[in-house]
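Multiple structures follow.
Shared chain: chain A. Partners: chain B in the first complex, chain C in the second.
After this line comes the complex of A and B, so read on.
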């Protein structure tokens, strides 16, 4: 199964959809897509993980790199739709405090 | 000798395709051993993929022959066991064996710490140019 990424620029944020396994094969592609989104002027990014049932430390590293890129551009990166395996990896690495998870992409920037 | 209930394996060049193939073997293993609880599947599969990805990303060949990856995963009545090996590989650098979590903003270096958090035992063996990680999880 190939990892697929797509994005959509909304009114106040850009949503990047991640489908499939976010492993060392897919991680560089996620970085490319988010860098493209940020470079095009959308620095408030939500990565929708509702259809990502697996993430390893490479995928996590890519999310951290993307978070830094979004913040450097004056925005932020948030994640939504986190599934059990991804939640487990975030908790075991203590990164759940850094990468805030929201129930849905709509809610991720709903508070500001 | 503990009874093996289900077993899957993979052997091939150490590259991206191997990672996808090992994911598929793990999925197949759970089909063959449907009694294994979801939590054990999730944790064990994550550890196996981390170990395999560590080989693909870091293992260097000892001579001209390229590194090959070999995975043998078995389900036993009360235990999951994986042997994840790098053939024709140099001994890993101390850096690659780092097992503590790095700083929050680090973009790599969490693999081995994650493996240790996911399984019951992690053993490393080196013999005749082959590095093997043996991962077990009690179920």
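After this line comes the complex of A and C, so read on.
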């Protein structure tokens, strides 16, 4: 049985895995999961998008909402495993400067 | 495309065990992880637990019928739904109903045809998930639609030597798209924005954006006008946890000089009379994301025969790549005699049957024979 979002708390960050289309239906669920993760004390969050090949503006909105939530809690939100369509949306909206993409979840907080 | 391939789940809702087995095989050949359901209620549950992307659904089931299953699925899922029916004449009837299904196929079916249909479904953009039929919510959606509609400019822009048109097609769920324009002493001002979200929240943010942008119309420099407006807008957006992509432009009609600021929109194109279309690159992220953000202004010369085309992301979402999008927008822009025709062609790029979002287009065309 596979859920759209699952998470795992690691040593220095929490990884949220997103599977499937990040759209109007999925966006609120992502917010819920990340809020839960942040509320439980992990404010350094990586959203792993390796299995998400489509994101629309609702999905982008959810990522930004999650980023704000993580920063408010003193942490940060980073993304990993970005697929071509998602990369395109991030570039078009200039959000690639705000949401830094890393090749993998392990590397996302590797520098600090 | 790119590896690793994500796991895709499918649910087969079918009471006949033999047909069910066949459907499972057909879907497994397409690399779906398949869950079987012998009746409607267990089918709905299976879609909920597996978050399936595809559902094959028999119309006649022992408990609730296929139409009812569809309706329940659409309350939470945007999976592709393929309905199977044993009666050829029923397809016509189903097609006439707003069942929420994406395609219909006749039993007995050929596995090859079924696979081809499924591939076709996944190639096309997602159909809109039907909004919940909660009467309170539909009532609010109706009011949101009224707000959204009221934001569009009532006056037409009549500028000598220019043809200006806009078109807007809302979704049932009401998004945050809008455009606004007005004539000035020197030409015109134009704002094109998309507030993130759906329903009344998005419509109200759009209304704020429009009002604030209008309030800075008399500020002489576009940079100052946008800086001041975006600060006000951002504080409102922050409270609602939202953001808006914006494109704002000022045209000096005599010279054709267009100054513009793109805040995370990225879907404005300059289509020159001759030569390739250019996308106007965004100067920064959308409004409402970072504090203290400023967006530099850029300039563009609109020569006789050139067009400025701006579309919303609903048009982009209907394309597989930015290249395809550019090719089709340019083709549409060069297809019509009037800006109104071009707007209609642009809306067609995101067909109403499959568009998930609002679709909006604005075209400012400088006529080829512009003389004074």
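The rule we apply is simple: the second predicted complex is superposed on the first by the 109 of 112 C-alpha atoms of A that agree within 3 Å, B and C clash if a C-alpha of one lies under 4 Å from a C-alpha of the other, contacts with A are read in each partner's own complex, and residues count from 1 in each chain.
The rule we apply is simple: a residue touches a chain if its C-beta (ideal position, glycine included) is under 8 Å from a C-beta of that chain, and two chains touch if they have at least 3 such contacts.
Note that the structure is a prediction, hence the values are computed from the model and not measured.
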Fit or clash between chain C and chain B when superposed on chain A: clash
Let me test your reading of the model: by the given contact rule, A:64 touches which partner, first (chain B), second (chain C), both or neither? both
Partner chain(s) touched by A:92 [first = chain B, second = chain C, both, neither]: both
Considering only touches as defined above, state whether A:4 meets chain B (first), chain C (second), both or neither. second
With both structures superposed, pick whichever of chain B and chain C touches the larger number of chain A residues. C
Could you look at A:51 and tell me whether it touches chain B, chain C, both or neither (first, second, both, neither)? second
Contact-wise, after the overlay, does A:19 reach chain B, chain C, both or neither (first, second, both, neither)? second
Among 166-174, 220-228, 292-300 or 364-372, indicate the stretch of chain C whose C-alpha atoms run into chain B. 166-174
Intersected contact list for chain A, partners chain B and chain C 1, 21, 23-25, 56-58, 60-61, 64-65, 68, 84-85, 88-89, 92-95, 98
Of all residues in chain B, those that touch chain A in their complex: 16, 19-20, 23, 38, 42-43, 45-46, 49-50, 53, 56-57, 101, 104-108, 110-111, 113-114, 117-118
Within the complex, chain C is touched by chain A residues 1-4, 19-21, 23-25, 50-53, 56-58, 60-61, 64-65, 68, 83-85, 88-89, 91-95, 97-98
Complex contact set, residues of chain A against chain B: 1, 21, 23-25, 54, 56-58, 60-62, 64-65, 68, 84-85, 88-89, 92-95, 98
Can you check the complex and tell me which residues of chain C touch chain A? 1-2, 4, 6-7, 9, 33, 49-51, 53, 76-78, 126, 129, 173, 194, 196-198, 241-243, 245, 264-267, 282-286, 289-290, 313, 316-317, 320-322, 356-357
